[in-house]
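Residue numbering begins at 1 within each chain, and the chains themselves are lettered A, B, C and D in the order written.
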Amino acid sequence: MSTKAWTDKDVQALFERVKNWGKWGADDEKGTLNYITPASRARAAAAVKSGRTVSCARNFPVHPHPENPFPAQHHMVVAGDDPCIPGIKGLEVSTDYIGIAFHGMASSHIDALCHVFVDGKMYNGFPATDVKSTGARRGSIMCARDGITSRGVLLDIPRLLGVEWLDPKTAITIEQLEAAEQAQGVRVTEGDIVLVATGRDARREKHGPWSPLTDGLAGMHPECAEWIYDRGIAVLGGDGVSDVLPNIGIEGWAMPIHQCTLAGMGVHLLDNLRLDRLSEACARHKRWSFLFTVAPLRVERATGSPVNPIAML
Amino acid sequence: MSTKAWTDKDVQALFERVKNWGKWGADDEKGTLNYITPASRARAAAAVKSGRTVSCARNFPVHPHPENPFPAQHHMVVAGDDPCIPGIKGLEVSTDYIGIAFHGMASSHIDALCHVFVDGKMYNGFPATDVKSTGARRGSIMCARDGITSRGVLLDIPRLLGVEWLDPKTAITIEQLEAAEQAQGVRVTEGDIVLVATGRDARREKHGPWSPLTDGLAGMHPECAEWIYDRGIAVLGGDGVSDVLPNIGIEGWAMPIHQCTLAGMGVHLLDNLRLDRLSEACARHKRWSFLFTVAPLRVERATGSPVNPIAML
Amino acid sequence: MSTKAWTDKDVQALFERVKNWGKWGADDEKGTLNYITPASRARAAAAVKSGRTVSCARNFPVHPHPENPFPAQHHMVVAGDDPCIPGIKGLEVSTDYIGIAFHGMASSHIDALCHVFVDGKMYNGFPATDVKSTGARRGSIMCARDGITSRGVLLDIPRLLGVEWLDPKTAITIEQLEAAEQAQGVRVTEGDIVLVATGRDARREKHGPWSPLTDGLAGMHPECAEWIYDRGIAVLGGDGVSDVLPNIGIEGWAMPIHQCTLAGMGVHLLDNLRLDRLSEACARHKRWSFLFTVAPLRVERATGSPVNPIAML
Amino acid sequence: MSTKAWTDKDVQALFERVKNWGKWGADDEKGTLNYITPASRARAAAAVKSGRTVSCARNFPVHPHPENPFPAQHHMVVAGDDPCIPGIKGLEVSTDYIGIAFHGMASSHIDALCHVFVDGKMYNGFPATDVKSTGARRGSIMCARDGITSRGVLLDIPRLLGVEWLDPKTAITIEQLEAAEQAQGVRVTEGDIVLVATGRDARREKHGPWSPLTDGLAGMHPECAEWIYDRGIAVLGGDGVSDVLPNIGIEGWAMPIHQCTLAGMGVHLLDNLRLDRLSEACARHKRWSFLFTVAPLRVERATGSPVNPIAML
């Protein structure tokens, strides 16, 4: 594979090839979540062995740092210095408030299909203007309101390569994804939730947070879109944002994986996960697949949700 | 059992009897989550049959109504009329913002153990003043950061009684809980997440929302605290707030179930769930237990989290 | 004058008659703020006598009640139980957070010209679509960034009529406005900020808050738009929302004063003021004009701002 | 004057010397706002000449940059792509939401007297614990609910020194304040609102924003507290935060001007103003005093408010 030759035309052609528009009907808003069935979920549950659970989320991003230019809000409404609740006499409570613009680079969140448009259209051809200032009429996260549960598969690329992390701007290839499958003894199949680790957590631990926009992130080369399509992946996630940042030089396609998955195939994305804890657990248990549950908040017309995805091995 | 005779002294004695302070060590912040083990989780996963998933959450409460005097915020940051993202040229996106003081009567949420104090103390004797204006040093929701997964059991009291719903202010008794177990062919055991349905969803569907504070809610009689303790329930949830509202006449104990579970036993609570969809599914599948997953957002020092709990049958 | 005969056509004709589109150039975004000049401001300052100041704002609306279905947020970030500030060692501080969707019925605020459209157009013919999900490109409150200061005139209609307040749904007529001028010994002239009191504060004090949308508000009959235009009023304010609620029966024009002033003439509006304190002060000083200052927050692209307008007599 | 010799003891002694605790009664919460009288306000109004108004506020700080690690929120609730309002059929509107933790380094705001404590006490000896998680019982901004209007005086130190700006960490001395008075032909007297310009706006314009906490700000040497006290200044403001950052080496007093004014004298502070526009206007009009109006939002129990102070020359 040559990663150098890619041009706008190549991504355009790939985008057209992997488009699932119309595949599940003209009104479909679930995209590749359609690959997940009760039967596949039951299989994933039956495969649980140890019962150990691991969160794949980072902590709620309230502190400002280079990854987090728009910190979330967490405020106490009532604390223990004045425990009280209006309307219920004598009850001592503490309560708080959270607020977040969750599509940042420090927040573990799920992207709804309406999050990205290509040429003014989202998945299944719905116009961008269906996402109004008052919310998304189409492609909102509510298609996942009953949660997303399926078999999860972690592919740990730094482990494959024997490094602690991939440097920012590194592009992961199909060859590497398949090598990771082989090395880990797992094979991605239709309906899987696939998590690709780049070692971002380890690098942050060592060097502190850095700005993804100015300093870059490792991610998947655009060619991987085809692999995602061919394998019938239901949901894609990563410790970065799946895409390489900055763009690998294809001017017309700023985030080709985001664009091909969300807008083309209808694959929901999980951004800014923590995968180091899961990778350790998988290595210890020598199993790289697990029952995986993502439970978006039921926010009507939303473009996604902050989440705390849970893997059970 | 006579529900009339209860006084402050009775609840006080019960509170003392069911206290788990010190049981798992002086520093313990997990309470009865300690009852859940990898083994019990694996058993719950292995028991999954159909693979069907059902959300037990209400939609994010953005509309004002009598249950919801403090509506949550859901605002678009960027919509399809101006799709743009700072720093990434050419990418067409939409994004939004959510904000919520989640301890309301319309929001499906989990209460952390620091949410309620009795006489200035939370679970395990930590002082209320450990919950500062800058967050909870003790008893925060972070003890559940890896998610709460266990066997869930639904007890549907209106179904037991052959009614659509329990009227507000109705107190559920231990006898009824056990009758429901029998009728449904299920028995609550240590480490279970127990959900008690009062039919609130059906009543709201028919009559519209009402104010729990002024018009009341059905819930569990204080005596049920003993049953919760004896059975070793890990987490308790309901379509109301587990307690009867208003208080059944015990002046010194405003919400005895909240107080005995959160502050006494260290039982996390799930408030304002939707249980009608789950009840239907259980009835159809003739199974009243399921794999249950609650994934609180990882908000450090928080008194709980909005959640979308998922049952898999 | 007959207030009964008014139809859509009447308001439509009036709207056309009072339109100031193009009057101050095709790019103008200030509307009748153009009537206020340094000279008129200097005159207003020179007319100050007692130096007494009176706020015309209600308190920040954080409590839910029938006027306030979407309460504002006021949260402490740091309180005196944990006084600290990140980055400055040893400083003891307390800080807080406020949030508000200010165009409610309980918040004293100023409406920018982009707040209301008629047939898809705002003042000066700018299209509604210039107000994007990312903010108002035209007609934002930033045209008033240097504050609005001019002579203010209070017209107190209940005082004129010898009543404590006007009942909700009452329509004030031009005749009454002019009678108030006469009774109070003041005459509205070009560049004035005119405040019309309906006694809402007194009624709320006595009967508690009520819902303006369901139970109505007193306000100005649509015919008053012509008087506002003829007098060259710069800014209009009231203790209600200037309009009668609900609409007096003109189906096609929901809030004719809002529509004729904001969208037609380019008159900024001040909604939900408190005018009872000012009225008392004016009566005591026997002067119904004063130096009036409104200082909107400089929020770029905003549709208005919460304000605390100050009268100096 | 030697600025080098200052120690903790010197500031401690100065703090004691300038304390106004008890001066206006044990319950007083207004501090030096007591110096402003109707008569002094009337004089200030009478002195207005040109009628020109100038805002002294920066724009609402929604963009992240080194001065602004916690950007404010400004979201459209309804934009022109979907103009609608619940409850009022047929009205076309746009509305928005703002949120801010205003005590940042980029937000023009007023500090209430409860904002700073010294040894656990705020102005007039009220304990820090009077500022609860549920708001300030004492020393809140509500003491200024009728606005703060008085004569304003601008002292432009860079202009005095013939430089564009003072470098960060520069300490302004009493000598310089008095030299500026002399050069500008103005003298600060009791009840004045004094604004001290350091040229921060010009430096930011040229070099972009920088972090006050890590890179410093010019401000007043602690010795100036005495001058503020002696002159009877009612309110103090600046384009920085009045204090030099970082601390000039007095370990025990992190922000001595903040501490001596807010907690000692009861002088409200205006932080992060824009003073370049006002300075230009003053130079053009050859007058360095003006009518000055600050209108804090009426937020009960708040530690301050975002403001847009208006000078009228």
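By our rule, a contact is a pair of C-beta atoms (placed from the backbone, for glycine too) under 8 Å apart; a residue touches a chain by one contact, two chains touch by 3 or more.
Note that the structure is a prediction, hence the values are computed from the model and not measured.
K.L.:
How short can a path of touching chains from chain A to chain D be, counted in steps?
P.N.:
1
K.L.:
Of the pairs C-D and B-C, which shows more C-beta pairs in contact?
P.N.:
Higher contact count goes to C-D.
K.L.:
How many Å are there between the centre of chain B and the centre of chain D, using C-alpha atoms for each centre?
P.N.:
Averaging C-alpha atoms per chain gives centres 46 Å apart.
K.L.:
Using mean CA coordinates as chain centres, what's the gap between chain C and chain D in Å?
P.N.:
28
K.L.:
Once you find the CA centre of chain B and the CA centre of chain C, what distance in Å lies between them?
P.N.:
45
K.L.:
At least two other chains touched by the same residue of chain D: list those residues.
P.N.:
73, 76-77, 79-81, 94, 97, 99, 101, 129, 132-134
K.L.:
Within the complex, which stretch of chain D touches chain A?
P.N.:
64, 69-71, 73, 76-82, 84, 94, 99, 101, 129, 132-134
K.L.:
Which residues of chain A touch chain B in their complex?
P.N.:
For chain A paired with chain B, touching residues are 37-43, 45-46, 48-55, 57-60, 62, 73-74, 76-77, 79-81, 83, 87-103, 108, 114-120, 127-136, 145-147, 149, 213, 251-255, 258-259, 291, 293-310, 312.
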